[in-house]
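Take a look at the structures below.
Look at the two complexes coming up: chain A is in both, with chain B in one and chain C in the other.
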Partner chain A sequence: MNKSITGTALLVLLLALVPLAGSRYLIYLVTEIQIFALFALSFNLLLGYGGLISFGHAAWFSIGAYASAILLTTLGWPFLLAFPAAVAVTALAAALIGYFCVKLTEIYFSMLTLAFGQLVWAIAFKWVSVTGGDTGFIGVAVPEFLDSPVRFFYFSLCVVLLCATVLWVIVRSAYGMTLVATRENRNRAEFIGVNVRRVQLVAFTLAGTFAGVAGALFTVFNHSVFVETAWWSTSAEVMIMSILGGVGSFVGPVIGAAVLIFLDRTVTEYTQYWPSVMGVILLAVLFFMPTGIAGFLNRRRGGTRR
Partner chain B sequence: MSKKTTALLVCAAVTAAMASHPALAEEQEIRIGALYATSGPCLIFGESALKGHQMLVDKVNAEGGIDGRKVVTVHRDSKCNPAEATAAARDMIAKDGVDFLVGGISSSEGQAISEVAKQEGVIYVASIPKTTEMTSPEYFHRHLFRAAANTNTEGKSAAIIVDKLGWDKVCTLLLDYSYGYSLDESFTAHLQKIRPDAQIINQEWPKFGTTDYTAYITKTMGAGCDGVFSNIWGGIFPAFAKQAKPFGFFDQLEFVSAGEVGAPLVSENMGKDMPAGIWTNSYELFYYPDTPEHNAYVKELKDYLGSEHPPSWPSTGYIAAKWVLEGVRAAGDVNADAVIAALEGLTIDTPIGKQTMRASDHQANRGQFWGQMSDSEDESYPYKVLNPVEYVPADDLMD
Partner chain C sequence: MSVLTINDLGMNFSGFQALDGISLTLQEGERHAILGPNGAGKTTFFNCLTGQIIPTRGVVSYKGRRITGLSPSRIVRRGIGRSFQRINIYPQMSVFENVQVAMIAHEGMSFRLFRKAEALFREETLQMLELVNLTEDETVTAGLMSYGKQKQLELAIALCSEPELLLLDEPTAGMSPQETLDSIALIADIAEQRQLTLLFTEHDMHVVFTIADRISVLHHGELVASGTPQEIRANDDVRTIYLGGYADDAA
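The block that comes next holds the complex of A and B.
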């Protein structure tokens, strides 16, 4: 426990020092990793802790992204109002759609999340006057205090750390334990009086909300939103990040996001055949580290923590 | 403990390595970042466009560069995805120190790169994206230039062809996304202007990505029109034509197609399935026009690609790169402000003739080659070609 606190503190310190290195490339790269780390963390609340396989997690990311773009630009709200409002919109949407999704279990749950996810994409694609359709929403009115890569880096670092802490507290809480119980044995949890659906709905809403935060950050980072973010492949990507990093550990998805983005960017730089290279790397990782990178490292350290 | 130390050291080393600027632009170089998709659905276009770009850059370097400045191309795969294009464009500016961006295929990629160009103050020459939105007052910014013809030029030149064919009852068969909407707008407006009696009597909107066009085909055939204006573009046209043919669609109706169905590659892929008699457009055609500049370009491209009948897509990358290089030559500098000033109103020679960059919205007056699909008279090329064919200039059509 003590060790992990020291580790986290070191990591945060290292991150905070990144902009001092003076490389804009590094700032951009780490900012993107932070955002996707939060996205993957939110996804792992469902997959790792709730055992809920969602194929539509991109929906929340893109709702957060579009909501912040629309509130900031089309409606001209001030940032300090628009950002939380965009997150609130995502939370509401996640609660509403989650209500229907958690009525189903297993593969039916997954299929329904996929269907709703694609519905969000279809709305974003067709509602051209609001979302810009397939040409995208560009020129987001980003406030001046976030208009520099360094300032935005620190802003997103703070937001992501705050969200990660909240998620950490959630999964360690009685509620978090109950969620794990519903994953381990749904029937037994029901017998001891757990309202499984409600527990899952809360998890679904929370996961959606934090994905919305990541989406809103991504909008401000890029000054733009594109309909491709709502496509199911984004949901697949966040799933790969989580599995690659390790769904059995809290930090697993963060590692997965960092590794996947770093690989994606560097491999693309050196070869046109990056899809094959990435495929081989992913295969190797999953084959030799079935519990993900985090699980592998844990075992190497002789750790017994799940 | 030692493991932890090692890990930390590695971390520090990586950070330091990435932080140092390995590619601080040398004074003497012209560094161009090329964003062409070489994977995903745009692969076939991106690869071709990149070859055209590279061919010009190689030639210029072999001749000693521009005023002694060597040209360096950094290519990143934009993956036909705007978010990837954004990240790649940023990387090239921040890490590789490029002074110029060229490329983009889809309209969304174009918009994404344009947004980065605006934020970073780097010149972007859009080689393929067509959407008029990019150069509209809402999104236009001074670092953006477009070498490609926009959707106004394409839709309006189609209206000119329709007027020549003398249609009065017009059907449209346009894809249900922004490209289709933009063409619908410009085509309809221009047709009303030059042929007031013509009426659009039926509109079908096939979903983009559909594989079954049957319903749209039968409805269009039942509408009683003289001809059909469509934008089922080159990559997906073969599937559509295959389904339309058994209905006698192309025998009963005249057909004017935007979306570069006239590109030689599409004819070659379709062979006998390419319907004769349809009117369509292309960026460039290796067999037209018969001018010394164009013939020289085609010969060069033949040698470069090792292909007797080179495709039309390399011209897009070639011309975009040409704008950058001629801009630098005219400015005598790679400084963005100087090059912007030089490019505004500049006229350059391209394989398809003289092109001028309009100062007001940085749109080149790129026209379109339009013609009718007919059997080739050249025995070594047993595919359909555009004949008769003409260049429809863009000067009056861009707005």
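The block that comes next holds the complex of A and C.
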């Protein structure tokens, strides 16, 4: 326990020092990793803790992204209002769609999340007057105080750390333990008096909300939103990050996000066959490290899986 | 006082009549066994009582209030606990957590997002583990324990909701003879201590005649007999369909 606190503190310190290295490329890379780490953490609340396989997690990321773009630019709201409002919109959407999704289980649940995810993409793609459609939402009115890579780096670091802390508290909570119980044995959970669907709906809404935060950050980071973000491949990407890093541990998805984005940027410099490389990496992980990088490291240290 | 009243219960699975016109009343403190060969409808009967399936006919009332049509979680909160024929625990959680999470649910804290689970109901959880003799296995991953111990754990989980009526589906199925003996002693003891009303299905004749003070016999979805162990032993219908030579040996 003390070890993990020291480790986290060290990591945060290291992250805080990144801009001092003076490389703009590094600042961009680490900012993007932060955002996707939060996205993957939110996803893992569903997959790792709830055992819920969602193929539509990109929906929440992109709703958060578009909502913040529209609120900031089209409606001209001040950032401090627009940012939380975008998150609230995402939370509402996730609760509404989640209500239908958790009525189904297993593969039917997954298919429904995929369908809703693609529906969000279709709306973003077709509603050109609001979202910019195919061209994307260009020229987001980013507030001045965030209009520098370094300042945004620190802003996103703070937001991501705050969200990660809240998620950490939640997975250790009475609710978090109950969520794991519904994953472990849905039937037994019903028979200790737990309303399993409601537990899953809360997880779905929370996961969507935090994905919305990540999406809103991504908008400010890019000064634009692209419709590809809502495509199902983004949902697959966040799933790969989680599995690569390890769904059985809290930090696993963070490691997965960091490794995947770093490799993506590095490998694309040498070859256009990044997707194939990613496929090979994923295969290797599934065969040789079925509990992901975090699970692998943990076992080598002699730890156990919760 | 009657705890459970079952009136003309029927379950039809698209043409197959699994349960047909079952009426039964359970008095407080009664230990009632449901006997019946494989496929007689015992598990379907239990599933109808606990809300896993909704019967196509009839009404079940618990303490005078209708429970037919309620979800399992709501029926549990009314005071009916259940254990299953096949082991039903949280295999990857520790033994302690298996019980703790049930305590959390019983105390209505399942949705507390910011209340640290670790410190909750430690005392109560330890007491419950002691009750079922699992104190030493506290930190063990539940799924790694022996079959008999997993059954004990399941009993502990079911007891966390402080049920007044406990439904046990084949509590000793798959146990070794020694485990069976220990387990019956444990169940009888707990039922006595907590003044539970028990309704259980069982294959093992010995178990049935040791614990039960009333027995009902289910055959092809119908209740063919209901009475004290002596009456059931003496019942000719029951002998022919189920008991075979056992009643003669025992008598």
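One rule holds in what follows: the second predicted complex is superposed on the first by the 305 of 306 C-alpha atoms of A that agree within 3 Å, B and C clash if a C-alpha of one lies under 4 Å from a C-alpha of the other, contacts with A are read in each partner's own complex, and residues count from 1 in each chain.
Convention: a contact is a pair of C-beta atoms (placed from the backbone, for glycine too) under 8 Å apart; a residue touches a chain by one contact, two chains touch by 3 or more.
Note that the structure is predicted; figures quoted are calculated from it, not measured.
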{"item": "Contacts of A:Leu282 with chain B and chain C, given as first, second, both or neither", "value": "neither"}
{"item": "Contacts of A:Ala16 with chain B and chain C, given as first, second, both or neither", "value": "neither"}
{"item": "First (chain B), second (chain C), both or neither touched by A:Leu161", "value": "neither"}
{"item": "First (chain B), second (chain C), both or neither touched by A:Gly136", "value": "first"}
{"item": "Contacts of A:Tyr25 with chain B and chain C, given as first, second, both or neither", "value": "first"}
{"item": "Which of chain B and chain C A:Gly193 touches, first, second, both or neither", "value": "second"}
{"item": "First, second, both or neither for A:Ala115, with chain B first and chain C second", "value": "neither"}
{"item": "Sites on chain A touched by chain C in the complex", "value": "169-170, 172-178, 180-181, 184-185, 187-196, 198-199, 202, 305"}
{"item": "Footprint of chain A on chain C - complex, ascending", "value": "50, 71-74, 76-77, 81-82, 84, 88-93, 97, 100-102, 104-106, 109-118, 120, 157-158, 160-161"}
{"item": "Interface residues, chain A side, partner chain B - complex", "value": "10, 14, 18, 21-29, 32, 125, 128, 133-136, 138-139, 222-224, 226-229, 265, 268-269, 272, 274-275"}
{"item": "Touching residues on chain B, where the partner in the complex is chain A", "value": "8, 11, 15-16, 18-21, 38-39, 76-77, 79, 81-83, 86-88, 90-91, 93-95, 106-108, 111-112, 114-115, 119, 131, 133, 138-139, 177-178, 181"}
